[in-house]
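The structures considered in this document are given below.
Each of the two complexes below includes subunit A, the first together with subunit B, the second together with subunit C.
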Partner chain A sequence: MIQANMQLDAKGLACPMPIVKTKKAITDLEEGQVLEVQATDKGSKADLAAWASSVGNQYLGTVEDGDVLYHYIRKGSNEPEVEQSFEHTVSLDGIESRDGLILDVREAAEYAFGHIDGAKSIPLGELDSRLLELDKEQEVYVICRTGKRSDLAAQLLANNGFTKVYNVLPGMNAWNGNIKKDI
Partner chain B sequence: MAVKKWTAAQVARKVMDHEELFILDVRNTDAFEDWKIDGHQFEYLNIPYFELLDGVEEILPKLPIDKEVLVVCAKEGSSVMVAEMLSEAGREVAYLEGGMKSWSSYLEPVKVTDLENGGELYQFVRLGKGCLSYMVISEGEAAIIDAVRFTDVFTNFAKEKGVEIKYIFDTHLHADHISGGRMIADATGGTYYLPPKDAQEVVFDYTALTDGLNVKIGASQLDVNALYSPGHTIGSTSFIIDNQFLVTGDILFIDSIGRPDLAGLAEDWVGDLRETLYSRYRDIKEDLVVLPAHFMMIDELNEDGTVAKRLGDLFKDNHGLNIEDEAEFRRTVTENLPPQPNAYEQIRQVNMGKITPDNDEQTEMEIGPNRCAIR
Partner chain C sequence: MSKKVAIIAANGGMFDAYKVFNIATAAAASDKEVQIFFTFEGLNLIHKQAMHGLEMPAGKEHFAEGFEKANVPAIPQLVEMAQELGVTFIACQMTMDVMGLTKEDFIDGIEVGGAVTFLEYAKDAAPTLTF
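So, the complex of A and B:
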């Protein structure tokens, strides 16, 4: 199962109800959180994707399991409004050939629908509590979608004694190489 | 104001009668651009329903008040919602019952001509999909060519006319729509014919449709002659009816020609296509009226709603019949082909009897425009 912050059951509902319900449900989420919409209406896939982009949400993808479609939508497509301040950065180009760990701090659902092979997933919101999973002596290349969340994550790591931390720019939205999916 | 409900048949009348209509299509933009209800005098506005969830005020100025407005969506639900919102805003609008799904299924029977001794020839125009089927009637008997899967339409029509369906032909193994031929044969006891070269993988019994086959319909012995004309598929066969009409299947259309690639063998079949169009058909008399299995654009409909044109005129006007250079012809029909029809491989499997999807799945497979031709 792909991790989401909220599930919405729209199974058995015909168009337009899956979108009407999604629109309502997503108001209860925080920016950046992920909604899973369960639907059986086949048309819901194209419509949800188009709706999401028209209102500024990020459609992550759909998993089909039997008759049920599981759609994943991340609320808002804006990244945190921060000045990028972490000074150690590296370019996305050639990132997969570097020694060290690629740390993907996007939401688990974003990671599931496409990440660089070998990257480790720890969403930004969980990083603080999962530092023990990381090696302080290893190079850590932090990546997200656009470089903002990874900036915050890199600062957090540095403040916790990690010394070889780099923010990867611009981020997964510019990645043209192979991707691996966990769906 | 009350919201009115229109049937696909009512919309078809608007198309056939060249009437005006304003269509508010609330499907998403990709779906609309791919495929819509075509009318000679129709105007369109495409706004996806999910952009109207908060209200319709913004689009009110874009909707005419001196014209009928029909709201259309994929299956009906969203068009009802939008139509009701418009109605509450004081507009008189209708929605299409069953949406594009029912539009794709609707068949309009049009009489092509009366034949001798009370015979009749009908063309069944599937406006939403561009499919054309035929029924020849003579003195209590009927033959059907290229029936689509809505078999009730044909069997009910035959009942109304008081005729028995004796022969059911498919000009070829279809890849763009599901054939109703075998089901009609099962329901009526008529004989189902398929070209054997297209039927090598079919898993049911059929009768071989071979070059020169002649069947006679009714006491007046109305002639239906088969003419082997490969190219779209290796088995494609045409019919000459009553020495007046040439039923071409997917080989030759009014404004385009067949594509040779839907069974994956464009390179192999392009020579056959060339020979059929530039040699076999040239030996037939030019006064025959061509009746194809598809049309691509609403402009191909005649004033009376039929899709039919003299063979001699096609030799003059149809670009695909006027490519002198053989190498150029080969390039035209094998390179830069239009996208293949939705689910065409699955549809071929259905027509071979290898898979039997339920009605909803069949509808899903047939969704979208027809793409059998090369202009």
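So, the complex of A and C:
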């Protein structure tokens, strides 16, 4: 199962109810959190993707299991342009061929729908408590969708004694290479 | 991009009601401002009694089963949801006068206005839809 912060049961409902219910449910989520929408309306896949982009949420993808569609939406994809403050950055180009670890700090659901092969997933919100999983002596290339969360993650790592940390810019939204999926 | 959707509801059958209220609720759920102008038979869709007994087009009555099977919400339920999502309903004054109807014949929360009221709203709406 893909990790989500909230589940919405919209099974058995016809258009436009899955959208209306999703709209209501997502108001209870924090920015950046992931909503799972369970639906049987076949049109809901195209509808939710269109809806998400029109209202500024991020449609991650859909998993089908029998008659049920599991849609994943991350609240608020329009990440504001913030100044990158972590000074060590590397370009996305050729990131695969570098020695070291690619650390993907997006939400688990975003990672599941497509990541660079070999990248390790630790969502930004969990990083603080999972530092022991990382090697301080290894190069760590931190990546997210746009470079914003990875900037924060890189700072967190540097503050905890990691010395070979780099923020990968721009991020997965510009990645044209091979994608590995966990679905 | 316009954040406004303008809809003219000019027909009063069951199918017409679904076209109007499905688009309206979907638009409202997508953070659009939505206004529906009800005119001529379209007034049926918000008439206190008539909205509970909207007719299928002649020869299409067998679709009633399909509506039930697809678990499509009833029209009064969609109307309530549209209002909850902030959709504005405007009943056409001229048609009401012609048909001898007053504001009390309609569900609560509607406004009454003329063609210019709607045109003023619709001048920068995209899309404007007619059913």
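Operating definition for what follows: the second predicted complex is superposed on the first by the 180 of 183 C-alpha atoms of A that agree within 3 Å, B and C clash if a C-alpha of one lies under 4 Å from a C-alpha of the other, contacts with A are read in each partner's own complex, and residues count from 1 in each chain.
The definition used in the following text is that contacts are C-beta pairs under 8 Å (C-beta built on N, C-alpha and C of every residue); 3 or more make two chains touch, one makes a residue touch a chain.
Keep in mind the model is a prediction, meaning the values are calculated, not measured.
With the C-alpha superposition on subunit A as described, subunit C and subunit B clash in the combined arrangement.
Once chain A of one complex is fitted onto chain A of the other, the partner contacts of A:Ile183 are absent, as it touches neither subunit B nor subunit C.
In the superposition on chain A, contact is made by A:Gly43 with subunit B only, not with subunit C.
Using the contact criterion defined above for the overlaid structures, shared-chain residue A:Gly12 touches subunit C, although it does not reach subunit B.
Residue contacts after overlaying the shared chain place A:Lys23 against subunit B and subunit C alike.
Looking at the shared chain after the overlay, A:Met1 reaches neither subunit B nor subunit C. Of the two partner chains placed around the shared chain by superposition, subunit B and subunit C are both touched by A:Ser54.
Overlaying the two complexes on chain A leaves one subunit B stretch of 73-81, 163-171 or 199-207 clashing with subunit C, which is 73-81.
In the superposition on chain A, the residues of subunit A contacting both subunit B and subunit C are 14-17, 19-20, 23, 47, 51, 54. Subunit B makes touch with subunit A in their complex at residues 28-31, 48-51, 53, 73-75, 77-78, 81, 364. Interface of subunit C with subunit A (complex): residues 22, 25-26, 29-31, 70-73, 81, 85.
Put simply, subunit A touches subunit C in their complex at residues 12-17, 19-20, 22-23, 47, 51, 54-55. Put simply, subunit A touches subunit B in their complex at residues 14-17, 19-20, 23, 42-43, 46-47, 50-51, 54.
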